[in-house]
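Labels run A, B, C and D following the written order; every chain starts at residue 1.
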Amino acid sequence: MRSFDIPLEVVDTNSRRMAEAVMHELATRLRALVEREEPHSIDLRSLPLDPAAKDWLREQLGQGEVEANLDSIGSSKVYETGFSGIWWVSHSDPEERVVAEFIEVCWIPDILQSQREDVKHSLHTLENSINVAERGDEL
Amino acid sequence: MTTSFEQGINTLKKVIDAPIASYFSSCTSCGLCAQGCVFYTEIGDARYTPIHRLEPMRRIWEQEYTVLGRLKKLVGLSKAVTQQELQDHVELVFESCTTCGRCSMMCPVGNDIVYMIRKMREGMTAAGLAPKELKVAATKTLEKGSVMGFPMDTLEAMVRAAEKETGIKINIDEPNVDYLLLLSSAEVMQFNEIIGALAQIFEQAGVTWTLSSTAHEAGNPGMHMGASDIEAEMINRIVAAAEELNIKRVISPECGHAYMAIRWEGPNVIGRPYPFKVYHIIEVLDRLRAEGRLKTTGCEDERLTFHDPCQAARRGGVNEPQRNLLNMVTCNFVEMKDTQACNWCCGGGGGVSSIESTEPLRKKIFHRKRRQIEELDVTTVVTMCATCRNTLEEGIEDNGMEVEVLGLTEVVANHLLKEKEA
Amino acid sequence: MNEIELLNWARGPGLTYATIFMVFGLTLRVIEILAMGRDKELAEVRASGVANGWRMILKRSIPEPRNWKYITAAYIWHIGLLIVVFFFIPHTQLFRDVFGWWFGGVPSFIIDFFTVLSIAALLYTLVQRFTDPARRILSRMSDYLAWLVTFLPFVTGYMAFHRLGTDYTLMLALHILSVELLMVALPISKLSHAVTFFMARYYTGSSFGRRGIQA
Amino acid sequence: MTSEKPVLADELQRRGISRRSFLKFCSSIASAMAMSPAMASEMAEKLAYTRRQSVIWLSFQECTGCTESITRAHKPSLESLIFDFVSLDYHHTLQAASGDAAEHAREMAMHDNGGEYLLIVDGSIPLKDGGVYSTIAGITNLEMLKQVAADAAAIVSVGTCAAYGGLPRADPNPTGAVAVSDIISDKPIINIPGCPPMPVVMTGVLAHVLTFGIPELDSLGRPKAFFGDSIHDRCYRRPFYDRGQFAKSFDDEGARKGWCLYELGCKGPTTHNACATLKWNNGTSFPIQSGHGCIGCSEPDFWDAGGFYKALSTGADNPGQWAGNAMLAGVAGGAAAAYLNRGKKKQASDAVEPVTIDDMRGK
C-alpha cells in the first residue's frame, strides 16, 4: 500500500457546520460593504474546513461573471462568485500548489488592482521606450 | 496477675492478629458500621460509631505492627495510648456495645468489627477496666458455679419439683447418656418451667440426658468481659464433666452468649478441640423433628414473630432450626422486617443488661425493637435466649405494650403430643 | 523544567518510581498483615471457611439497599474509577504495554460520562464526610488527603482530555503526576484497602463460613 | 553603512519582481501565520521600505538538515523569496568563501552592522571538556556564539538542536550539548524548533521580524503563530481519535482507513508545530498523512520520550520491568517487618499474666 492510498477525507460534522457559519458571516460582511464601504477578507486556511465542506461552500457560492488569472511567481485565480461583491481568491506557487485561499468581500480584490509602484515603474519604462523610439526615428 | 495499664497494653498487643491487621488496614472511615449499630441509630451520638470504639486498639496496631506507624511513632507524629484514653473507652466498649455484631454485617470491606471489640475487651479487662458487675458475675460463677451465685442445691430443688410436676425422672450426673444439658442462670431463676418442658420432650423422643452437678451453668461472664482465662476455666469445668460422664453431646440452652462461649470460643480458649459435640437446644429439637421423634399437635394461632438472638443466629449460625420448629407449632408466624443475620439487637446482650448504669441507654435503644414489633402488629414474640427474653419483657413493660414473650422450647413443649392422645 | 520535560519525567522516571514504591509498599503491607497470623480454629466447624471466604469477597461488593443514602455516591465513583482507569483507550495502551495484554477500551464519551459522574459523586462523598456525624468523627487528616489524591486524577484527566485550563502537555503531565501521587499514597494510607479488603473479607467470610453463617 | 543600502522595493524592482507578486507573497505569509488578511498589505508596505537585513548564520553541532530544509526547493518557491530580502553575510555551508576569507566576512558583517544584525543559529553547543567537541576555525562553538551574540539585534535558533539541544543533547549527552538559550540570556531569542523546522515557518518568522519585530512567543520561545496549536488539535485524523478509532498496527484495516495513530505512538497531542496545516514539501503532506505518527520533533527532549512507537499514555520507560524486583523487595521488607512484629508480639504475650479470680474480686 502506498501512502497516498490512505483516504484523506474524514466525515466531520463540525466542518460542515463551520461552512454554514461562513455563509452567515458573508451575508453580514456584504451588508457592511454596501452600507459602510467596509471590505473584508476571510482566510480559508484559518478555518478547520475539510475538503468536503470547502466543496460545499464553493457550490453554495457558485460562479459569477468575472474570472481572472494572474501569473505572478506561480499562478493565482480570482473569480467573482454568484454573489456580486463576494470573490474567491486562490494563490498558487510556481509548482501549482495552493498556498493561500481567501474569500474576499469587496468591490474588487486588491490583488487585481494595478499596483501604484508597478504602474510608476511601467510609466518609467514606457517613457523610456518612447524616448528610445523617438531617438531612433531621429537617427 | 495484677491487672494494670501495662498488662492491658500488652494484652492488646497480644491479641492483634492477621484479621485485625487486615481490618484496620482496610477501614476507609466510611462510617457505614454506624448504620448497623442500634446505639448509634437510636441515640445518634457519633462516638457510638462502632469502629470508633476501637480507636486505641487501632493506634496500637498502627504504632506497633506497621512500618509506617513505627516511623510515625519515632518522629512523634503518633501519640501513645494513655490510661485515660482506655478509661474513656470503657463506656464505648462495654456499656454501649452489646457485641451484637450487626456492624460487621454492614462493613463494605468486610471488617468483623465485633471480633475486634471482643479482643479489645480482653485488653480492657487486663487493664483492670472491666465493669464491676461483670467481675462480680465472674466471681460468683467461679466460686458458686452459677452466674447468679445460687448453689447446686437450688437447682436440684427445682429439678425435683419438675420431676414431681411431670412425673418424669430427671438425671443428675448420670454417665453414658446421649446428652449433657447445660442451663443458664436466668432460665433457672426466671424461666424454670423449661426443665419440665425439656423432660417431656426428651421423654417422648426417647432421648437420654443428664444435668451435671459440677457444670450446669452455660453462662460465661468471662466471655463478655473478654477474660479468656476465666472463660476457659468455666469451659474446662464443662469439658471435665462431659469427659467424666462419658457424654458425647452437650446441649447449650436458650442463651445466646452461652452458645457462643461453649460452641465457638470454648475450644479456642482452652486450647484444644472437644471430645464431644455442642448443640444449641433448638438445633437438638430441630433434629428430633427432622427424625420424626418430635411429635406435636395443633398450632399456636396467635399472630407472632421471632426475635433472633445475636450470638446464636447472626454470630452463631443457628438460623433455620428455629424457623422449622415455628412452622411446626405455629400457624401465624410473621418475620420481622430485619431478621436473622440482620436482626436488631434487643439491647441487653454482651453483658450490657447486667451493668446497672446502662439502664437509660437500654431504654432508649429498645425503641428500635419496639418499632420492629409494633409494625408487625403481633401479640407474641418468641425467642431462644434468656437474656433477650428478659430484655424484651422489660422493654415491653416499660413501653406499655401488650405483647407476650415466650421461649421457643416452651412453645414447642406446649404443643407436644401427649402420650394419651398418641 | 518546562512542560514537556515534566511530562517526560512523569511518563518516565516518575512512573517507574511510583510503580516501584506502590508494588513494594503494597507487597510489604500484605506480608506484614499475613505474618500476624491467626490462631487455628479449634471448634468443630460446620463447613470449611474457604468457600465462604471467597464468596464474601464477592458478596460484600453487592450494595446493601437499606444503606442507599450512604453508599450510592461511593458505589458510583468506585465503578466510575474502575471503568475510567481500566477501559479508557489510552489507559488500556499503558496496561497493554506493561502486561502484554489488556481488555479493549470503551468509547471516550462513555469514559467522559463516568468521569463527570464520579467527580460529582466524589464531591458528594466529601460533603458527607463533613455532614454525617459517624463519618466526621472517624475522619482524620489522612482521610481528607486520601480523598484529595483520589479526586485529583479525575479532574486533571478530565481537563487534559477536554483541553481545559492550561496547555495540554502540562495538563497531561499533571494528570500523570496526580496518578503517581495516588500510587504512592496507596500503600501508606487507608487507600491500601484496595488490596487489603480482599483479606479483610476473606478472614471474616471464612470465620462466618465455619460457623455456618452465609452472610 | 546600512543607510546606504537601497530599500527592498527597489531591489525587487531591479530583479523584475512585481509589486503584485510581492503582495501575493505577503498574503501567503500572513495566511501561514494566521494573521488577519488585512495585515498582508501592511506587511507588504513595511517590507518594501526596509533595507536588506544583515544575517549571520552559525552552524554548530548539527547535521545541516535545517539548512537543507530551507534551501531544498527545486524551483524558486514563493517562500524562498525571503532570501532576497536578507543579506546572508556568513553561512559556512552556503557561502562561496572558505577559510580565513569566510571568517573575515563574518567579522566584517559584525563590524559593519554591530547591534543590528540578526544571528541565526542551528545546532547545539557542546560544553563538556571546554567545548572541544565542535570548533570552527579553531574557535569553540561556545566562544563563537558568545562573540557573535554580543552585538546581535536578536537571535533565531533554528532547529531543535539550537532551540533545545536536540539529538546531541539526548541521553547520555556525551558532549554536554546545550541550547542557545542556555548560554545567551540577554538577547531576544526566537526558537524555530523542528527536526528539521518547516521552511515556511522560517520565512514567516523572518518576514515578521523584518516588519513587525519579534512575534509573540510561547513559554518555550516559539512563535505562537506557528506553534500555538498542537499537531493533534489541527490533525485531520482527529475525528477518529474522538470516536476511538485507532490503527493498531501500520498495516491493519485501521491504518488503511486512515484512523488515528495514537496507539502507534503518535506524539501529536503534545507536539506544537504547524505541520498539520502548512504541511511539507510545498504543502504536499505531513507525517501523519503519509501514515506515520508524529515523533514530536519540535519539542524538547523528543529523543528521550520513550520511543517513537510507544503511545503517549504508556510509560516512557517500562515501569513493569521493575515490578518483579519491587515485589521481591516488598516480600523481604515484609518479612523483616513480620520478624520484628512477631518478636514484639511474643514479648507482649510473655509479659501478660493470666487473669484470675483475684482480679475479679478487686484488691
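The definition used in the following text is that contacts are C-beta pairs under 8 Å (C-beta built on N, C-alpha and C of every residue); 3 or more make two chains touch, one makes a residue touch a chain.
Keep in mind it's a predicted model, so treat the numbers as computed, not measured.
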{"item": "More contacts between chains, B-D or B-C", "value": "B-C"}
{"item": "Central chain of the complex, centres being mean CA coordinates", "value": "C"}
{"item": "Whole-Å gap separating subunit B and subunit C, where each centre is the average of the chain's CA atoms", "value": "38"}
{"item": "Subunit A and subunit B, separation of their C-alpha mean positions in angstrom", "value": "94"}
{"item": "Distance from subunit D to subunit B - Cα centre to Cα centre, in angstrom", "value": "76"}
{"item": "Centroid distance [mean C-alpha coordinates] between subunit D and subunit A, Å", "value": "34"}
{"item": "Contacts with two or more other chains, residues of subunit C listed in rising order", "value": "28-29, 32, 34-36"}
{"item": "Multi-chain contact residues (two or more partners), subunit A", "value": "none"}
{"item": "Touching two or more other chains - residues of subunit D", "value": "333, 337, 341, 345"}
{"item": "Contact pairs between chains, per stated definition", "value": "A-D, B-C, B-D, C-D"}
{"item": "Of all residues in subunit D, those that touch subunit C in their complex", "value": "219-220, 230, 232-233, 242-244, 246, 262-263, 269-270, 299-302, 304-306, 310-320, 322-323, 325-327, 329-331, 333-335, 337-338, 341-342, 345"}
{"item": "Complex contacts: residues of subunit A adjacent to subunit D", "value": "1, 3-8, 10-12, 41-43, 45-46, 48, 50, 70, 72-74, 76, 91, 93-95, 97-102, 104, 110-111, 114-118, 121"}
{"item": "Touching residues on subunit D, where the partner in the complex is subunit A", "value": "9, 13, 17-21, 23-25, 27-28, 30-32, 34, 36-38, 41, 48, 75-78, 81, 234, 236-240, 251, 255-258, 277, 282-285, 289-291"}
{"item": "Subunit B residues within the subunit C interface of the complex", "value": "16-23, 25-35, 40, 44, 46-47, 49, 51-52, 65-68, 104-112, 115, 263-268, 271-274, 277-278, 314-319, 338, 341-342"}
{"item": "Contact set on subunit C toward subunit D in their complex", "value": "2-5, 7-8, 11-13, 15-16, 18-32, 34-36, 89-91, 93-94, 97-99, 105-108, 163, 168-169, 172"}
